[in-house]
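Read the structure below first, then the notes.
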Amino acid sequence: MSFLTVENIVKDFGGLVANNNISFAIEEGEIIGLIGPNGAGKTTLFNCIVGYHRPDSGKVTFREKDITGFKPFETNRAGIGRTFQIMKVTTGMTVLENVMVGSFCRTNDRNTARGEALHVLGDLALDAVKDYYINELPIAIQRKVGLARALATKPALLMLDEVASGLNPTEIEEVVELLRRLNSAKKITLFLIEHIMEMVMKVSQRVIVLDYGEKIAEGLPADIVKNENVIKAYLGEKYAQGL
Amino acid sequence: MLKVSEIEVRYSGIPIIHNVSLVVNDGELITVVGANGAGKSTLLKTIAGALHTSKGTIHFGNEEIQGLSTPEIVRRGITYVPEARLIFGPLTVEENLEIGAYIVNDAAQKKNNLDYVYHLFPRLADRKKQPGGTLSGGEQQMLAIGRGLMSNPKLLMLDEPSLGLMPKLVDEMLGAVAKLRGAGKTILLVEQNVRESLELADRGYVLQTGRTILEGTGNELLNTESIRKAFLGL
Amino acid sequence: MEKLKDALNFSDFSKAERIGLIIFSVFLLTFPWIGAGSFTTTVMIQFLLFSLFGMGWNTIGGYGGQVELGKAQYVGIGSYTVALMMVWWKVPFWVSMPIGILIAVGYSFIIGYPLFRLKGHYFAIATICTSLVLKDIFDNWNLVGAAKGIELPIHDHPDFLYMQFKSDTYYYYFIMALFYIGLFYMNWFRKSKLGYQLRMIKDDENAAESLGIDIRWCKIKAYSIASAFVAVGGGFMAVYNLYIDPASTMELSLSIKIALMAMLGGAASLWGPIIGAAFLVPLDRFLGSWLGGQKGLTGIDFMIYAGLIMIVSAYQPRGIWGIIEQFRKRGH
Amino acid sequence: MKIRNVAVFSLVLFLSLLVASPAVFSAEKEVKIGVLYPLSGALATIGRDLQRAAELTADIINNKAPGVDIPMAQWGGIPNLGGAKIKLIFKDHRGEPDRGADLAKSLILDDKVVGLMGAYNSAVTKTVSAVAERYGIPMINDSSTSPDLTERGFKWFWRTTPHDNYFNRDLFELLKGLTEGKVKGVKAVPKKDLQNLAYACENTEWGSSVAKSIEGYAKEYGFTITKGLLYNANAPDLTSEAKALVAAKPAAMLFAAYLSDSLLMIRTLKGMKAQTKFFWGQDAGFEMADFAKTLGADINGVLTRTVFIDKITRVKKVAGQVNALYKKKYGDDLTGATARSVVGVQAWAYVLNKAASTDPKAIQKACNEINIPATDLVMPWAGVKFDAKGQNVLGRGLIGQYQKTADGKISLEIVYPFDLATANFIYPFPGWK
Amino acid sequence: MLIADALLQGILMGLLFALVSLGLTVIFGVMDIVNFAHGEFLMLGMYSVYWANFFFHIDPLIALPVSAVVGALLGLASYYWFIKYLLRGPAIAQLFGTFGLMLFLQYFAMFLFSADYRMIDKGLLVGKSLSVGPFIFDWTKLAAGILSLVAFAVVYYFLHKTKTGKALQATSLNKEAASYMGIRTDRMNAIAWAIGGGTVGMAGGLLVNFYYAYPMVGILFVMIAFACVALGGFGSIKGVFFAGLLVGILEMIFPVFGHLIGSDFLGPHFKFTVVYLAYFIIVVVRPQGLFGWKN
């Protein structure tokens, strides 16, 4: 049994099939990229795994446990963390407090939670902004806070939704480094939706491609860019020609 | 026709657009490309008056329009077709289009526009009595563009019209944009299909983290190294 | 022990706030000796009582961000439990009040479970409806005195067991003690796991869920804590007024008053409900006492009261404490 | 810096609000009585009337009223207290029991009143009297009619008005009188014609105790209650209540309602063309001036229990004289409620005079021994004399009937007690206009 | 027979409840505000007809437009002088702001008109009833029901057939999109308040034919209106119409039901309890209300 197995997921939004019969498996310690045009059903797939949507049919298994139809907080407790493409810009809590909420997932003690949170923040070099409110920070840092928050729940599998979007190349470089470090040092399996091909190519060990709600390809990055279906649906003929 | 000069836009205190300048001339199709979060939609919304500048000016014709409210800007001839389409779900296709013509008082003109939209997107004509919310994604996009055309805009701003559409529809949509350009409409387009849209465009601008970093004709940009690297994965 | 330390630890507040708290505490302790008159004492008691109510509401309404407008039903539960147990079985206050809390908490769980399926205005109106339903039931239930209400027997001698005193000073110190227990609890609560989780829920429900927070369960917990607070206040009202009826303990206007005070002072802050009560209770009572019976001025007191509510909500929607917070943030 | 300013400012504001309690001033030779009435809120109208009547009475005592033939009107102050004037301090309890209690404390401790009067709403009277009891300050209740109030064994509480049980018994006496042919202008009615009764009472402390008492007397006098309803006061709609009453086909419909509901109830019944032998209302709404003013000819034949009707002036000279003063000053006739307020202040004056002291113990003793003769009262009572529970045993009620006069106006005529009857009883209910 | 009668009476009351709630749902639909002061618009509508009748002896039915105009003006004034500023704050501040407005208007009315209960005693239909077979209808209620239907038809026509109405609907569906169409949403808000105030003012004018006016009268009806609006689904005109009918019918049928099964406990005193309970149950089962389409 694989670490995360997704079998025949179907999700239908009133006639609009967002996910159609998608299956794949992820092994522990991998970094998997999920690509596809906007609206191809990537986020829906994430939501089906994490539990914001209940798939119409199909099965999700995580560490040999059937988690189909789990609520998001249940999948989180089972060990799946996630970040959001758009971070809600709120004014209610500081960065440290945000991350502490993540650590509270695994402890009831405030001091422990605070310690953990500070540790994570230090790890991501965010100590300097710990007392700021999220709306006071630039987007790149906001994303990092989202990541820190998810990391504080100590996930075994971390699902990242366009973590690099809106970042400039240097910032992307940093994120790639960070993800690799998380994967190797903390043994966190990473599953990322990404839009920026450059980043996907660099970081992922394997890539899954969705188009129009269906999985059209899966494989090594180098193979994917040569895959005809992918070229047609996503990269474009000209991309392939330019290759 | 439209001249955006060194504007800065803040969103709850944080600058999203730092320094953007842009010119659209009569009859041109201009494409703005850039990564997600680079500020493309923000730029269009600012021109449309939904957001306000904290620095810089926006001229439309001879008039400064920054600071005007959206309805006022629409009345001056700029119509924005939003990224999320924002169809009035429970209303029928035709009602949606009628609301699009809210500022047009001339019934004949309205009728003409309606015919033109149905001519451009025959599929909408087939579904005129159907509630907008029940259309497919592509049809909703057609409806959104059609609704934008109903107000007779001098400048039409399209925010990612191919978003979330299957490849065939993307081509169809961009084809429609080309047709509009052929009919002499002035269009400001924001697209994620960098290659196709730049090929279509008279000129293009590249935004990065709220700044215009490059501008030029479509082909010039397509052959720029950094564009190829960042957007085309080359 | 650790929790107690947390509860008594105000060190993360600014110096000005801590000095303010000390001055305020000294004032509260010495108040009965400054000879301010008995009406003022009753106003102080009302102020402390409503602070307590407001602190309770603040858990779900302030930190949790749920517009809860049905707290009066828990005032009713608290006061009826104390009154009925005293009248029927002569159960002392110190036994009946905890039982009242238990009943309130139990009831809040039962009702909270369906209630928190709802969001936004649907939720707010549903809380009003549950409260009205309970009031109607009590209004017609002969066993509990129906609309006639219940009178508690007056004891000839002061009786600590039944909380019966002649002088309001005793009641004053008692409600003050409750007030401080509430304050310390809230000071702990805002730093507790639940406190943090609630604030996250208020900020962003989706993110909260992804961080392993069971939103509905958290809300129910906060709701029941709020209910417990309010039930304590209700129990106090029973022994203080010696008469309760559904009209005075379960009315919608009481629910709104509770929420209004916390909101106007500043929701989701420790001082908010206290400031709100300190602002509205004296305003209401003194205006009522000065202008209430004046001929030709009928309604003026309420117009002033309402006008102030309107001004605060239009020009400083984050409440009085919101202004101060704003300054503090600038100071960073 | 700024935080501190704001914090200090709010603290100062708060403290100054607290310390500035109502000013206490004392003039020479004044006896202060605290009076609690609902002067704002839903009952503000009646509260204002009560206040007027109390003020008028105090004025009569303090400043003499030569045209009024009772000793009190010639006093010019309380004689045995060296001519001290009565000063009434009014407080508005808004119908809220807890506010009433707080104001009572304020009156006792801050204003140092010698006694209390009020509070109209029985629920408020409960908390106010509990405060008076705890502080050992006498309270004379002029206008709350819940029987429970004098059943609590209080030592500092007296009530001048008869309570609801008296009034309810009057009703059944009237019914009995009808069957026996004692009612003026009506031949004996067969009992079976009157057998079935129905009532609708508002669901408050007052209304529900009236309901209970009606049930009790019906059993005692051998009548049947075919439908008994409690409804929520101030209802947006009383159609289904009225329907239920009509459906029960009773010989008489009995009500306990304040003005708002009584207006709506009569209108609704009229809309249904409800038929019954007679309608009877337990005071409150039914006897208020606005009731007759608003409904006009519709209520020809409707009965209300009361303690005072302006027709009394034909039988009692004093009543006429006081009523004239009241009417001159405020434009309305005295009603049952306002006349009781007159008697309340009057009772206080007599008690103070008898006690010849403002010491609570002396007043307590005076209250227990007081005996105001019938001739001194505006009420058709046998006097004021309290029993061990503090209830005035000499009070009695009246039943009045609204009757259309020749000129189309509506006047309230006494039909019970039989010896005071001022007009023929209209029986059965003549039907809607 | 009893049930049929209750049903008919319930429909009449229900139509009026629906009219009272109509404005609330229009205002909510366009700007997501629950207006606590809605009942006070009703109250002032009642007073305007009452005074027109009292001073100028205008028949309450003929004075009806007065109440609608007074209500509409009041709505406009509240919007431009107060609500506009309130919109900048969070939802909870809006709730309490309108609560403040409610208290203010109540006591302002008390200050002006005193707390007296006022009921119209002369009028074309006042106190008259109509017998149809075994059923008796109060003419004033019948008129209220019919005019309420007319008002619904007019509002429905306005919203669906006129240009402004469609713009209003568009604003209600999506404010942002509407503004991209050149619709001045601020003006639409004001129109919503005018409609809200006008319809409820008119409801007041109808109500005063058989109900008494006094400063606190609003709260009685606004609670029912809240239940109707939420039950129908916030912002749904169709929803509020059927919810109003449902509430009216429930309120009438329930006591009959209690009577038929011979239970005194299930008497009329619980008729509104049942309405609130029904709201709670329906909404828990269907959290968007009966006809709700908005989240």
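Letters are used for the chains, namely A, B, C, D and E, taken in the order the chains are written, and counting of residues starts over at 1 for each.
Convention: contacts are C-beta pairs under 8 Å (C-beta built on N, C-alpha and C of every residue); 3 or more make two chains touch, one makes a residue touch a chain.
Just so it is clear, the structure is predicted and the values come from calculations on it, not from any experiment.
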Common touching chains of chain D and chain B: E
Most remote chain, CA-based centroid, reference being chain B: D
Distance from chain D to chain C - Cα centre to Cα centre, in angstrom: 36
Between chain C and chain E, centroid-to-centroid distance (C-alpha), Å: 32
Inter-centroid spacing, chain E versus chain A (mean Cα positions, whole Å): 49
Chain centre separation (chain B, chain C; CA means) in Å: 53
Where chain D touches two or more other chains at once, by residue number: 40, 44, 48, 203, 230, 232
Sequence positions of chain E contacting 2 or more other chains: 110, 114-115, 269, 272
Residues of chain C whose C-beta touches two or more other chains: 136, 139-140, 298-299, 301-302
Pairs of chains satisfying the touch condition: A-B, A-C, B-E, C-D, C-E, D-E
Contact footprint of chain C on chain D as seen in their complex: 2-4, 6-8, 10-11, 14-15, 17-22, 24, 37, 39-40, 44, 48, 51, 90-92, 94, 96-99, 101-103, 105-106, 108-110, 123, 126-127, 130, 133-135, 146, 148, 152, 203-205, 207-209, 230, 232
Complex interface listing, chain C residues touching chain D: 14, 16-17, 20, 23-24, 27, 34, 36-44, 46, 136, 139-140, 146-149, 151, 154, 166, 168, 237, 241-245, 247-248, 275, 278-279, 282-283, 285-286, 288-290, 292-293, 298-299, 301-302, 320, 323-324, 327-328, 331
Touch list for chain A against partner chain C, complex: 50-52, 71-73, 76-77, 81-82, 84, 87-88, 90, 92-93, 97-98, 100-102, 104-105, 108-111, 113, 131-133, 146, 149-150, 152-153
Residues of chain A defined as touching chain B within the complex: 15-16, 37-40, 89, 135-139, 162, 165-169, 195-198, 201, 211-212, 225, 232-233, 235-236, 238-239, 242-243
Residues of chain B that touch chain E when the two form their complex: 48, 50, 69-71, 74-75, 79-82, 86-91, 95, 98-100, 102-103, 147-148, 151
